[in-house]
Each structure stands twice: as C-alpha cells, then as structure tokens.
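Pasting a structure below so you can have a look.
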Amino acid sequence: MNIFNNAALLIGVPLLFAFSIPLFGLISKELAKWVTLLTIGFNASFSFYILFAHKYPTMVVMGNWLPPFGENLYIGPVAAFLVFVISMIGLLIAIYNLWAIKKGDVIRFSVLFLMFTAGASGIVLTGDIFNLFIFMEITGISSYALAAFGPERRALGGAFKFLVVSSIGSTLYLMGVTLIYTQLGTLNIAEIAARINQTTPGLLTFAGILIISGLAVEAELFPFNGWVPDTYTGAINGVSASLSGIAAISAVYALFRIAMTVFGKSGGAYVSTYGKIDLMALIALLATATVIIGELSALSQKNVKKMLAYSSMAQMGLIAVGFSIGNKLGVYGGIFQLVNHSIAKSMLFLIVGVLVAVGVGENIDDFKGLWKRNPFLTLTFSIGAFSMLGFPLFGGFWSKFSIVAASVQRGGWYDFIIGLVLFASVVEAFYYLRIVAYMFASDVELPKVKTPITPAIPIFILAVSIVAIGIFPQIVGTFSAQAAGELTHKMSGYILHVIPSIAAH
Amino acid sequence: MNSNIIWLVFTPLIGSAIAAILYRVKFLDRLVTFSTFAITLLLLFSVHVGQSYTFNLNFMGKIIPLSWNVTHLSIFMLYISVAFGTLLTFYSLMDKSRMKGFLLLLILAANNWIFTTNDMVGFFFAWELMGWASIVSVLGGRDENSSRHAALYYAMMSIAGSYSMFFGVFTLWKLTGSLSISTNVAYLSSIVGMHPWWVLGIVSLFFVTFMIKAGIFPFHTWVPMAYAYAPDTFTPFLSGVMSKYGIYGMLLFLPISLMEKGMPAAFGLPWVNYIFMWIGVTTAVVGTVLAFFQDDVKKLFAYSSFSNLGYIVAAISLFSSVGVTAGIYHAFNHLLFKGALFITLAAVISRTGTSKMSEMGGLWRKMPVTFFTFFIGIASAAGIPPFNGFGSKWLIYQAMIKQHLPFATVMLFLASTGAFMYLFKAFHSVFLGQRSARYDNVKEVPVVGQIVEYLLMFAMIFFGVQPGYILKPIGAIVSSMGLKPLPTMANGYVTGMFSNVYVPLISWSLAISFTVGFILFFISAKHKYVSQSDNYTAGQIPEEWNLTPETYQFSWKFYEPIEGIFAPFFRIKIDGFFRGLANWTAATSSAIKEIFVSNAQIYAFFAVAGLIIFVIAGWVA
Amino acid sequence: MSEWKDLTNFFRGRSFWMLHYCTGCGAMELPPTMTSRWDMERFGVIPMATPRQADILLVTGYLSLKSLKRLIYTYEQMHAPKWVLGFGSCTINGGVYWDSYNVIERLDKYLPVDLYIAGCMPRPEAILDSFKKLRELVEKGEAKGYEKYVKNYEWYKANQDRVLKRTKPVLQKPEEVTRSA
Amino acid sequence: MIFLKLLEGIGVGLLSLTVGLLFMGLARKITARIQRRYGPPVLQNFIDVFKLFSKQSISHGFAFDLGLVAGVSALLAAVVFLPMGQINLFPHNSSLIMIIYLMTMAYLGMAMGVSSSGNPNATIGVARALTMMMGYELPFAAVIFSVYIFAKTGSLTNIVAAQGGGFLNWNMVRLPFGFLAAEIALQGMLGEKPFDMAIAPAEIASGPMVELGGKYLGFGMLQHAVGIYLETGIMVDLFLGGASNIWIFVTKQFELFFIALLINAVLPRFKIEDGVKFMWKVPLLLGVIQALIVVL
C-alpha cells in the first residue's frame, strides 16, 4: 500500500497541516489562509479521484492488523460519495472564508477549520465504532470553538449550549459502545454488525437507545436539538454554513450507519433493527416531530438567519424520515436530499453572511426590495429557497419526490407521517416565499449594493450546481443509488466487503 | 415515436432561458416571448393525434419512463392555449405592465407538457413548474403589498393542492406499479365496481388539486385576489388558459365515473357526479352574486371567471354526451371572451392607471376600438346569439334539462341573468356614463393593441356564427372518451338534444333589421350631438350645484338595492375556514417557538428526559 | 312638400306632450284636467316627465326670477317644434304681483309665448279650450314661437340677463364649500 | 326564395309593430275607461310615433344612436323566429332559449345607448330593469324547464304542434301552475304596473327614457310595441296552443295582454328589492312545483 493512494491521507493531510499552520503563520498570515485552501483542495481532488475513477470499495488497514483485530478505514460507495461532498463544500466555504475571516484570527480559524473537516471525513471513512467516537469528538470540539468565533456575544452563548448538549450526547454514545464492547469484545463495525444478534435483547436495546440518542444530538433530532437555533444564529455565517453543510452530513451518516448496518436485521423489504423496539421506527417518530416543530417554529421568525437555522433542523428531520423508511428508494431520497440540503443551506448561509457584511442586515424587513439593490444575491437566494421547497427545475424536487414516493410505497403508519411532513412543507413554502416576495417588492427605493468578488464565486458555483442537479438528476442520482444499495443490504453491501471470511449469522 | 412533441416542450424552455438573460431590456424580453409563442404555434402544426414518445430517465435507482402521447383532447387544448398565448404576447409587446417574459414561457413549457404527457411524474413535474412560475409572476402586480398577499395566498393553495396530487400519484403507483395515467385510470375504472369508496378516495385526492387550480367553490378564495392583483397582461393567461388545466385534469379522470354503476344514483346520475354538479352550480351562483358588489373591475371579472368555471364543471359532471360537449365548448368560449375582456381591461388600465370602477367612466369616445371589443366581449359572455358565448350556454341548458334537474337549471338561469347584470355594470362603469376631466387626453391603444382587438372581435363573431369549427373537434374528443358524440351538421349549426340553432340565420336577420333600423334612423328628422354634461337635471343649473363628472357618474354601489336580498349569504365566510387554518398554524408556531427557550439547562434536561422515556419504552416493550 | 308639412302639422296638433313641470299656482288646475272629469288625454295630451320628451311648456301663474332661470334652462332642453302656454294674468301683466320686486311682469319678454289663457287661474275648460286653439294654430302652421326665439335670440337674452343679474347663486362657490364629511 | 323570405320577414316585422302599437292604444283606452274617462283615440300611438319621428332631437354620440337602433332591430330579428299561427318563417329554427337570449340583446343595446348619455337617472333605470329581469327570469326558467320536459322539445313549432287538438290539451290546462307562474313573469317582462319600477316617472324621471328626444323616443316606443307582441306571442305559443291563423293568434295575445292591463291599471308599484323578492317567492314556488310534477 504505497503512501500516496491510501485513503487515510484524506484524514491525515488535513490534521498534519492543521497543526503546522501556526508555523506557516510565523512566516506570513496570508500564507496560512492559502495553506488551508490548498489542503482542502487536495482533499477534494483526492476524493474526486476516488469517486470518479471508481476506486471504491477499498479498505485501508492500520499496521497490517486484519479487521476484526486492527482498525480499518472502509471506503464504500457511501463513504466515497459523502467524503467528496464534504470536501467540495469545505473547499467552497474555505474560499468564502478567504474573504470573511479578518487578519487577526486567521491562524486560529484555519486550525479549527482543518480539524473540523478532517474529523468530518474521518467519521465518514472509519470502519471502527470507537474511531467513530474519536472523530466525533474531534469534529465536536472544533465546532464548539468555531461556533464561539466572531465578534458577537451571542456566539459564546450558542457555543456553550452546543458544548453542553453534545458532550451529553457523546458520553451516551460512549456508554452504548462500551456496553456492546463488553458483550461482543470487538469494536469493528462489520464484526459487531455480523454478531449483533448474539447479545441479550434487553441489553442490546438499551445500548442501541444510548447510541442512537448520542448520535441524535449531532443529527439534530427532536428532543436533542435544543442547541441548534442559538448555535447557528450565534456563529458567524461561514461557520453556520459549514455546520449545516458538513457536520450535518457526517452526523446523519453516523446515525444511520449504526442504525441500519450495526443494529439492522438483514433481509426483509424494510430494514428494521434487532432488540425489543425497532430503532428505525423510533428514529422515524423523532424525525417527524423534528420536521413539524422545526417548520412551525421557523414560521414566526423575524430574523432570516434564525429562520434558516430552524429550517435546516426541519430539513434534517425530513432526511431522517427518508432514511428511516428503510427501503432502497427511501434511503436514496434521504441521501439525495442530504446533498441538496447541504448545498442549498450552505449557499443560503453564505448569502446571508455577504448581506450582513455589506450592511443589508438579517431581518426580513431589511430584505425588502433587495431585487433592485442586488439582483445576483436575490436570484441565488431564491434559487436556494426554491430548491429547499422542492420546486421543479431545482435539485430539491427530485429528492423530495423520492422520499414521498418511498413513504407512500411503504404505506401503513408512513402515510400518516408523510401527510404531516407535507403539511409542514407547505408551512415551509410559506415562510420561504414570504422572503422571496419581500425581496421582489419594488416599492422601496434603497441604494444599490455591490457584491464582493471572492464570496460571489462559491455562491455562484453552488447555485449553478443546484440548477444542474435539477435538470440532470443523474449527476447525484447514480451515486446516491449505489450508496442506498450499500446501506440497505447490510450483509452483501458492507460486511462481506470488510471481512470476507465471516460467516453470516 | 416522433420527437416533435419534445420540441414542443423544449422550445419554450430555451426561449425562457434567452428571455431570462435579456430581462433587462424590456422590449427584447417581450419580443423573445412572443416569438417563442409563435414558433411553438408553428411547431404545433407538425404534432398530430396518436403520436407518442417515451424518454427513459434513470432516477430513483431504476428507469422511469417519461411518456408523451397526443390525444384529441390534448391537441384541442394545445391549439387554443398556444394560439391565445401568441395573441396575448403580441398584445403585450407594447404594454408596460411588469410581466416577466421568461416566467410566461416556463408556464408555456409546463402547459405543453401537461397537455401531452401520459405519465404521472411528468404531469406532476409540469404542474409544479407551472405552479411556482405563476406564483412568482403574480408577484409582479401593480400595487405591491396586495399582490404580495395575493401571491402568497395563491402559493399556499396551489402548493397544498400539488402535495395532495403528490400523495395521489404515489398511492396509485403503489397499487398499479406503473406511473402512466392511462393504465392507472383504466385500473381505477376496473375496480370501481368492487369498492367504490377506495376509488373515490384516490380520485378525490386528484380532484382537490384540479378544483384548486380551476378555483371551484370550496377552494375559490384565492381566485379574486390572484386575478385582480396579477400583472395586467398576465391575468388573461391566468384566467383564460390556466384555469383550464383543472378542467383538463378532471376530463382525464372522467372515464371512471362512466363505470360507476355500482354507485347509488340520484336523478339518474351517480351520486358523486350529482354532488359535483351541485358544486359546479354553487360556484356559478356564488361567483355571480359576489361579482355584483365589487368595485375593482379585475376582481369583478375574476369572480365572473370562476362562475363560468362553475358552468363548465356542472356541464362536465353530467357526463352525458351533451354535457361534456357543452363543458368543453364553454371552456373554449370562456377562454376566448374572458381573454378578450381582460386584454381590453389591460388596455384601459394601462391608459387610465386605475382599476377602480368608481374612478373610471365615459371612455367610449376616447377608446372606440377597445369599447367595441369590450361590448362584443360582454355580449358573448352574456350568451347573446350571434357571438360565441351563446352556443355553449345554450348547450349547457339543454344538458341540464335533459338530465331532469329542476333546481340546478333554475340556479344556472339565475347565474346567467346575474352574469348579464354584472357584465353591464362593468361595461357602464368603465366605458359609458360621465368621463371625468382626468381622462380627457386618454389616447386609444397603440396600433399593435388595436390589431389584437380586431382579431379578438373577429374570433368572437366567427366562432359564434360558425360554431361547427369548434364542435367537430369536440365531437372527436367526446367519442374518444367513449361517449356518443352529438350529431354534427353544417358548420353553422349548434345541435342540441331538443332542437338545433342555425346561427348564421340569426346573424342575417339581425343584419337586415339593423339596416332597416338605420334607414328609419336616417330618414327621420336630424339630430344634433351634445356634450356629456348637457342632460336633464330637473331644471337645476349644473354650475351652481357644483356638479363634476366624477360626482355625477352613477357607478358607486350599482346594485345596492339587492344587497339586502343576498346579505344573509355574505355572513357565511368561505375563506373563514382557510383563514382559521392559517391563524391556527401561526398560533401553534408561536407556541412551539417557546420550547427553544435559550438556556442550556433546559436543553440538557430535554435530552436526558427523552433518553429516559425511550429507555423505559425499551424496558417495557 | 306642403302636403307633407300639413300632414306633420296634423299629427303634431293631435299629440301634444305637456312638460309636467308646473311653475306657479296654476298647477292645481292640471290634475282635474287630466283626470276623469275633463280628461285632456282625449285630445292626445299626456303629461311627460322630462323636457326632452315634451312639446308644450306650461307656465302656470307667477314666475319668480329664480324659477325663471330654471325655466329658461328647461325650455332650451326641449326639442324643436315646442310651444309655450302662459296661464293666467300673472304671465300677461304680472297680475296681482305687478309691483313685486322678484316677479316678472310680461312672460313674452323672456320666452316666446304662443298662447295666453286669461283668468286668475283658468278653469280646466279654459285649458282644454286653449289646447284646441293651439291645435288649430299648429295645423295652420302659425305657432312659430320656437323659431322666433331662435331668430331674435339676442333680444331675449338681453331681457333675461337684465333680470337675472339680481339672482345670486343658491350655493356658495365650490371653493367656499368646506368638506364636512 | 331568399328574397321571398326577406319580404315575409319585413312583413312580419311591420305586422308586429302595428299590432304592438294597436295594443298600446287599446291599453290606454281601456285604462281610461277603467278610470271612468274617455281616453285617447285607439290610433293615438300611431299619431304619437309619427309626431316623434318628425321632431328634432339631441344625441350623445354614436353609442347612443347604435344602442337605440339595436334595441328595436334585435327585437325585430327575434320576432322573425316566432311561430305565429300559420306564418312560421323558420319552423325548425325557433328554439325558445335562443329567442329569449335575442331579446336580451335588445335590452343590452337599449341599456348601452341610454346609459351612454351620462344621465344617472337613465343608468339607475337600467340597473332596476336588469335587477327586475333577474327577478322574473327565475320563474320563467322553471316554466321553460317544465315545458321542455313536458313537450320533450325545445323548438316552439314542436311545442305548438304538441298542443294541437281541442282546448283540453293546451299547456294552460295541462301545466296550470306553470301557466300561473309564467303569467306573473309576463307581467314583469312587459314592465306593467306592479313591476314598472324601471320606468317610474315620479322617482327617476321615466328612467331609461330620460334623455330620449324625438326619434329616439320613437325608437323606444317601437321597441316597447314589438316587445309586447313578442312576449305575448311566446306566451300564446307556450300555453295557449298557438293558433291556426294569425287573427286567432292576435286575439289570444290580446286576451293575455288584457289580463296584464287590468292588473296594471289598479296596482301601485313595487320597490325594486320587494319586486325581486315577490318574484322569487310566489311565482318561483309555482314554477318549481310544476317542474317537480313534470319530472316525477
């Protein structure tokens, strides 16, 4: 395994450069900024190479210890695809940060940001349950620090709440992992997944609930997502964009890798988990609650950034509903929506960031008559909004289409769930269209506003990608179909690739 | 397998892309819109019934066939909508109302797609595309906040409608496994005998969407606001063509009711059709009654549009050969005369700058061509013989009477005489009566507008006198839907069940008697023209009595006496239900907002409490 | 052409339409003439509501200056073959109000009067007789008051202006009207 | 052949005018007799019309002229299609609803002309006339419904044919409630006393006719004459079994007109909303009962 085409580089290189940034900083602050950009650029190109040169599924073994014993990184279709998306969005946000981050704290920000991206790609790549915890901690700590960034006081409040709740989450996760470790003696995901049914059902359910609740904090499901509104509004826009873009992907991946592969019963049209209560149904319940609460509380917000925070929480709920349906179509819709959401939501946050910096302000009333003041930003904002609503010709349409198709196909309780979700998305349509309507109002005469060039690049790229996905869904569709295949078929998709010799139980 | 259907859909998309780029230059934008409409019309000539095309989209991990096929109904609808669209965009070349061309072209693409598609995915995609494009174009209306409010109200209704169709599409997909409309409708009609309630449930999911888009009785509350506050050149398209999408949708699902033998019948109709007929009739009456007391002229015609749609629905729901023919024929007539009325209104509003009837008046001297088009428009809207509105109204009555429905016929007559009343009110308040000093230098519509108005006048008279040109294609449609078409005679005939009318004869007798009248008029003593203020004021001298044309014009509270009769009906507010729903959501949203009280202890408590509940659940289960 | 004129005059004589705009105290005499006792409709005379439809203008009794202004305005709104009937002595020479400051003495200084009916308020028989008399005048073509008015309009105008100067407008000027609502 | 039809058409038009004016003359005579006075000569209306056409007049523009002429000519066009005894120019083209809608063309023309004069009295009169039309159209719709169902045909020629034979199978006998409802609706159609709020001379200075001068008032009277002829003609065809020849047809028309006259001579005028309410109470009830009888 020569050093160069080893997937571990995806985690190693950002970490390496993260800690060497202070050295570069000594030479010149400017260099530090460009180094972050270059490392994430490397990450993006390398994952692009893996994805498009179809280099997966491969496995990277640490120190030649075979999987059940040593740690391993497994890059299946899901991991390759998600890593690519994470690093691409990370790259675009880094470009935005070139402009957004002031001279003074470039170093501190770049260190944290690189650690954050490394941790996120780590979660997605790792094949070891404990490694997952470690990378979750890395992303967690860097995101608390990032959330506290920025001049405003509310950033500190938001970061503190995020710290408290997600530390509870990670402890719960750790307790769940230890319980399983005591029973099965191994930490490798594939091993546990294969031998999960040997554990006593009561203990298995208890461990499952602990893990799921731990991961639910990060994945913003209902009882655990108290921190979301304050952290997103408090953090500077670059950070909230990366939180809603990158952290969201890794969290959802972690939640459903555990729920579907580790605890999942293989076979049967719809994935359900071992143990007394079906964890997938539990997640579905939480997810629907999140959607409804997220949408309704977003309705009466006056501050656009807070509204975007609630809407991203609601969208995460929708994605979780998609995954929790359990059939290939549902997971396909979930992944597709996950990608669409991270693209659109990070773009919206970046636009709000630019607007605030240029002096337009965050409240809905400041958005009045924006069309006359700055057509580019208004157009991109409406493209992002329409994609979130699932209007045709934009990315969101296809993913919402498949989620509803899957849930109706499953029938039974899911008809009721999707009915609630559709009602909630009508509410969502209202508050998004309200902003768009305000923007197109032309009865207000306000000075013209110029968009700075550097942040305009990522916003433009994201907008073009939304419309491109809208017109040619195959771009994202093919990869999410393969990913859905891997997640729903636990045995054939994941375990046999990691440990070929294991006998199915 | 011929690809010109696909060109029908893609030319408008390309056109709209070009128009979007050029939106800065107002005239170029409208020129591109008009030329795309014209090209689509030319393309239409190459599309024939029976052509079909399938395109495989690998999506959702498997191959989804997007199929198009062209039926009689779709050709008919395509011709009328694209032809009217071309006329409208030709008119809007010179109109200054803020209508964005690329949105109209997006709607045209969706329009071509809806009418030709045979699969649910394509239908839904086009329906949503047309939905949001029309929402954004309604935003561009003249006065800002009311058009924003109207656009949001319309957005909510149409999105809720499309989500209910979303649900219907996938329940059908689950049942039949295929997404093509024809197989699903055939499947539904096959199982309608066994368990009618199940079929009713699915079909009502679709019919809710179609009723919202067409603006039928329970879901009509968005219609007046959206039509009144949309940009003036968009309202003709909105009210003429887009309300017909709902009707087209209903026609797609009608063959089912053909098979409803199992259903208990009332008055010889399956009870579902009977209820639907009553919904149509109530829409017609409610529309007419509300139209009496409007002051905004576009709102008045909005109510008149949805009352005419009530006629169409009432006729279609009878599902007899006369009924369906009458329904489609009235859909065409309504498109023609309502389009003409709204175009002339756009001309008047662009000249006078206001759409309030109490501020207008006496424009007939200043805008003669618009005046005549408007006159022929309201004459044909009232169903007066030589013009095109008569044929379909006459057929609708024949259908209702043949179905032995006494109360419904009486209500429809009320609606049609009521129509005559509010049409005259609009005609008088806008064109006749005293002209205020403000409009002394109002000029006639520029030449482009006049050409369009002449064309519209000619169309209304031509299709009135020669209804055969429309009745023959409708006959083909009706027979393609499995009903016995009406016997079609020469082009001039409108053949009904009880008797038939040879319209050219009427126009000949009218022409002769007009000449006789005018001869008598000219041989008798000379008359001299006087100004508008020289009329009998019971001896009072106008100057002393500071009489101004505005105060002397009678158009405020035109039908005030009969308000008393309809007052009890106004108390039951239909949109109370929707307003109540909106308030409830707003209330719950502010209640739920309280959950996120911003301090960490509560969130931590939430997390732990959630965990404990789940653990107990796990332990108990 | 003259037979044609005779024929039209014959018809005009048979169908007088009276403007039911009674200006003075003589108006009381009209209801009896219309109703069953005297029934003027026998002669084709019916009361009409507007000057546009009327042929005869009845000036029944004294004519104050203010109502003169309105009468002139109404007279000019009537159509060409129109005739004026002066009732009673007030129109002939001012009657009992001959020296009053706001009543006109001789009607024909302001309007071309075709026929006077004597009597301080002539009885219905007298009115019916005047209609018969007017019919004969019209048939002979001698009732040309309306043409006389047009021919020497300046003279009539001068008389009218001299008298009407004294009447102030009823309401203040529009500018003085303060919007109360 | 067409030229012959043209002549017949004009003949029918003149016939309707003369009969209409004759009826109006008779009406004035009979009302006078009721009021115990002699009343004008029966041909007084002809004299009035001739005098009106010889008077000068004022006009408010081409819409005014077009409107008034349209009023008369649309009704003349409608009369041509009415089967009158043995004169039946277009036997298979005389649909009842078509004739009624042609009459609305006349009212539209008249309304346009009159309200283009700008006099509010005229427009108020027109608004009242249209409201009254909505009033009496409902019971008439119920009547049309029951006749259509009963005779299973829409064209008047067939309806008349269906009532052939003696007095017993006239629709008046077989559809008694329908006849009563139509009778009251006829009162409204003719604009006779209880429902003549549109031309109320006291309130709105003869309503629509306020600005009509010489020949325009003449056109107004001709339109009223043809209107009387047409409406009573329709009623005769619908309920009194048409007629074998024109003279019986005209006498039957006069019978109906005579009833309307008697009511007109004695009753005061309704307020506009009470008129519509009355129309929607008694006659509508009768019409609907008749419709139900026919349907069940």
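For the reader, a short list of remarks on this structure follows.
Order of writing sets the labels: A, B, C and D. Residues in every chain begin at 1.
Definition applied: contacts are C-beta pairs under 8 Å (C-beta built on N, C-alpha and C of every residue); 3 or more make two chains touch, one makes a residue touch a chain.
What you see is a predicted model, and the numbers here were worked out from it, not measured in a lab.
Comparing the chain pairs B-D and A-B, the larger number of C-beta pairs in contact belongs to B-D.
Among the other chains, the CA centroid farthest from that of chain C is the one of A.
Distance from per-chain Cα centroids to the pooled protein Cα centroid is smallest for B.
Centroids of chain A and chain D (each the mean of its C-alpha atoms) stand 79 Å apart. Each chain gets one centre point, the mean of its Cα atoms, and the points for chain A and chain C are 96 Å apart. The distance from the centre of chain B to the centre of chain D, with each centre set as the mean of the Cα atoms, comes to 36 Å. Look at where the CA atoms of chain A average out and do the same for chain B: the two points lie 44 Å apart. Residues of chain B in contact with at least two other chains: 525, 534, 536.
Across the assembly, chain C contributes 50, 52, 80 as residues in contact with two or more other chains.
Taken residue by residue, chain D touches two or more other chains at 54-58, 205, 210-211, 213-214, whereas all remaining positions touch fewer. Here, these are the chain pairs in contact: A-B, B-C, B-D, C-D.
Against chain B, the residues of chain D that register as touching in their complex are 6, 9-10, 13, 53-61, 63, 65, 69-70, 72-74, 76-77, 80-81, 90, 92-95, 97-98, 101-102, 104-105, 108, 111-112, 115-121, 123-124, 126-128, 130-131, 133-134, 137-138, 140-142, 144-146, 148-149, 152-155, 158, 205, 210-211, 213-216, 218-219, 271-273, 276-277, 280, 284, 287-288, 291-292, 295. Contact residues on chain B toward chain C in their complex (touch as defined above): 525, 534, 536, 539-541, 544-546. Only residues 8, 11-12, 14-15, 17, 35-37, 39, 41-44, 46, 48-50, 52-53, 55, 79-81 of chain C touch chain D when the two sit together in their complex.
On the side of chain B, the complex with chain A involves touching residues 57-61, 98, 106, 121, 124-126, 128-129, 131-132, 135-136, 139-140, 144-145, 148, 151-152, 155-156, 159-160, 163, 166-167, 170-171, 173-174, 585-586, 588-590, 592-593, 595-596, 598-600, 602-604, 606-611, 614-615, 617-619, 621. By the touch criterion stated above, chain D contacts chain C in their complex at residues 28, 32, 35-41, 44, 47-48, 50-51, 54-58, 201-202, 205-206, 209-214, 217.
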